[in-house]
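Next up: some structures, all given as structure tokens.
Okay, so chain A shows up in both of these, paired with chain B first and chain C after.
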Partner chain A sequence: MKVITANFVTCAVKECKTSAASFPLHFHDAELEQQELDFQPEFIRNVLPRVDWDSLRITANELGFPSLPETKPEGDALNEEQTLKDLHRLLLETQVIEGKLVCGNCGHQPWMLPPSETPNHVFNAVRGGSKKKEKKRA
Partner chain B sequence: MLPTPDTSHVSFDTIYEPAEDSYLFLDTLSSASESKWLSERFKKSTRTSSDSSNAVPLVVEAGTGSGVVLAFAAAQSQHIFGRQDILTLGIDVNRNACIATRETVSAAIKTVQKDTETSAVDQILNTIHISSITSDLCTALRPGSVDVLLFNPPYVPTEELPRLPTESENDPTKSQAMPRSAKFESDSYFLSLTYAGGADGMETTNRLLEAIPGVLSDRGVAYVLLCKQNRPDEVKERIRAWGGWNAESVGSSGMQAGWEKLVIVRIWKQEVQ
Partner chain C sequence: MADQAEVYEEQNVHEVYQQIAGHFSATRYKPWPIVEKFLQGLTPGSVGLDVGCGNGKNLQVNRDVFIVASDRSENLAKIAVQHQPHSAVVADILHLPHRDAHFDFAVCIAVVHHMSTPARRIEAIAEILRTIRRGSDTQPGGRILIYAWALEQKNSRRGWDKGDSQDLMVPWVRRAKPGSGEEDQTFHRYYHLYESGELERDIEQAGGVVVESGYEKDNWWAIATHKHDS
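Presenting the complex of A and B:
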């Protein structure tokens, strides 16, 4: 799960929706992994309008990232390569591979985090010898 | 024809295998008329780089199954949305489907990126799959955050609607330890979630439709597949009666006694004048 996901999800419990404490959800026991991706300044600039800055600052702080500026970069700051690189690293390169996302209102984990990066292990265990049919679109 | 994403790594024991309805989704999104409509809606503005219309679109699929539809949207984002930078998020109640989707979408994006490296195209696909989360429809999504919502529902009319899986039913260590007969039962249950739609095949779809006005952004659009027994014309009328919302059939397949067997309905907010 990319860190930016925290910006788009909330508690699944209906009663929590109206509580400010249900956003952002809080990472607990998060284990992080860096996945290197090409740095595209324009991409990050276009991701920024999607980001709720105050909640991102909370998330970054919880994950142990250096403090983000108090306000969302705009104008000239959008041309500062270091600022964009830091955001690229935090939002897109950082993967949360273990841990929980907990609601600040009800204290529960509202839905399951994606499992850690072991898909092949899981698949090989359940796949067995089933034959794959070749299917094509009409 | 644009390539169908590879799902050969997916075990279809508990996951819906791509079929006619999945392919109708791919063909509809990439059709000349639909990709033109979507590209116009989501294309980058040529004005300033800080224009909010340049904001990367978030494309969400509820009930991803193998992930073939979301992977197609991700890999073909230039063709479909007119841009190389979308974020995709997958949701499914079946944890296996989430793992499969992550794999299918990431692999489809990588394939396109590799092809780009060896060709003369200078545009790089930046599209990123941000997560596949185990959750129920749109319940975990932040209001107003979704630009494109895709849904190929369990649409078959059935006497009963299967309940949602518990966390322990989604625990892979449990299913691995099961005796064969219990595993078969568990697999059948998970497969029933992929097709059984309860009354009129609409019980799950109705829950999704109700969530649409809350979860879509101002430029948001949803694509929902319906079968004949779901009575698509009535569904569209109902959506139009919300006030300020449009619903049109934009893709169909399989004529049966003069009716299309499957249709895909586009649902979007009327332009604010």
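Presenting the complex of A and C:
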């Protein structure tokens, strides 16, 4: 899962949506991987206004990137190529490939696949996503 | 009752897509014209959803927006995840893992017709509407584009038309490779075929307002927004 995606997902449980504690979800035991992607400076510049910066700082901190500025880069700062490149690297190229995403309200852990099972890691937000496994075992 | 419908869809929709994901994906590569137009018309930097994204074919259309795609089938979501700069996750349309009133747009293409009761189809549309930005005096609200298979398609290969049953099982045949010694396998998926005007009615009941609607390639489609901001 890309770091940017964490900025746009929350707990799948309905009752949690009204609780401020359900966003952002919190990464636990996250394992990271860099995936090189085409650098689109315009994309970063355009999408950044839609990013919840405070939540991104929380996420980045949990993933071991504690040095994000306190305020979102705006105006001239968005013309600095290095700033855009850094954001590109963090938001799009940094992938969480293993770990848990925990809701601060209900403690539910949307389940993520261990990397050994698949090359493409998808965040599973279906409640009871692991239930099926238990069923099969029974 | 809701539980029953859920179990029914698990067996007759989700499991089937899990099984046919690879083959299904290989036959779905081109976005439909109305979908393409809708996605191309978005302001760069818009952030939205593709609910029931399948193999992610609609994620190829616009790289200037950011889409969080989702599908109930993990096998399909894993195929969709390759389309950059977007994302794909596994999620249930009735419990989307997204905040209220947050997104600029959403598309839901050929998905709600897999919900097996009228109440669940309306609930699915309401859940998508929930995630979309509300409008204000200065800014229009987010928009959603929904497609559903039409009952009226007498010129299609299937040949259904007005008066035929709207709820049916549609076969998917996976041909075995010649000489492989394997047999062809047939899977059945549940569909509710929408009749003329029904998609618009469902959207209204879900709390939406239809902005534009029409018929394309054996499907009814509608663009909608929230009731309170038009």
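As a convention for this text, the second predicted complex is superposed on the first by the 109 of 138 C-alpha atoms of A that agree within 3 Å, B and C clash if a C-alpha of one lies under 4 Å from a C-alpha of the other, contacts with A are read in each partner's own complex, and residues count from 1 in each chain.
Here is the rule we use: contacts are C-beta pairs under 8 Å (C-beta built on N, C-alpha and C of every residue); 3 or more make two chains touch, one makes a residue touch a chain.
Because the structure is a prediction, the values reported are computed rather than measured.
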{"item": "Touching partner for A:F43 - first (chain B), second (chain C), both, neither", "value": "both"}
{"item": "Which of chain B and chain C A:T10 touches, first, second, both or neither", "value": "both"}
{"item": "Touching partner for A:D54 - first (chain B), second (chain C), both, neither", "value": "neither"}
{"item": "Touched partner set for A:E33, first chain B, second chain C, both or neither", "value": "neither"}
{"item": "Which of chain B and chain C A:E80 touches, first, second, both or neither", "value": "neither"}
{"item": "Shared contact residues on chain A - chain B and chain C", "value": "1-2, 4-5, 8-12, 14, 17, 23, 37-38, 40, 42-43, 45-47, 49-50, 92, 110, 120, 122-123, 125-127"}
{"item": "Complex interface listing, chain A residues touching chain B", "value": "1-2, 4-5, 7-12, 14, 17, 23, 37-38, 40, 42-43, 45-47, 49-50, 74-75, 78, 92, 110-115, 119-120, 122-123, 125-128, 130, 132-133, 135-138"}
{"item": "Parts of chain B lying in touch with chain A, wherever the complex brings them together", "value": "1, 4, 8-13, 17-20, 23, 26-27, 44, 49-50, 52, 54-56, 58, 85, 87, 89, 95-96, 98-100, 102-103, 124, 126, 128, 130-136, 139-143, 145-146, 167, 170, 172, 175-176"}
{"item": "Chain C - residues contacting chain A, complex", "value": "44-47, 63-64, 66, 68, 70, 72, 74, 77-79, 81-82, 84-85, 87-92, 95-100, 102-104"}
{"item": "Complex contact set, residues of chain A against chain C", "value": "1-2, 4-5, 8-14, 17, 23, 37-38, 40, 42-43, 45-50, 92, 110, 118, 120-127, 129"}
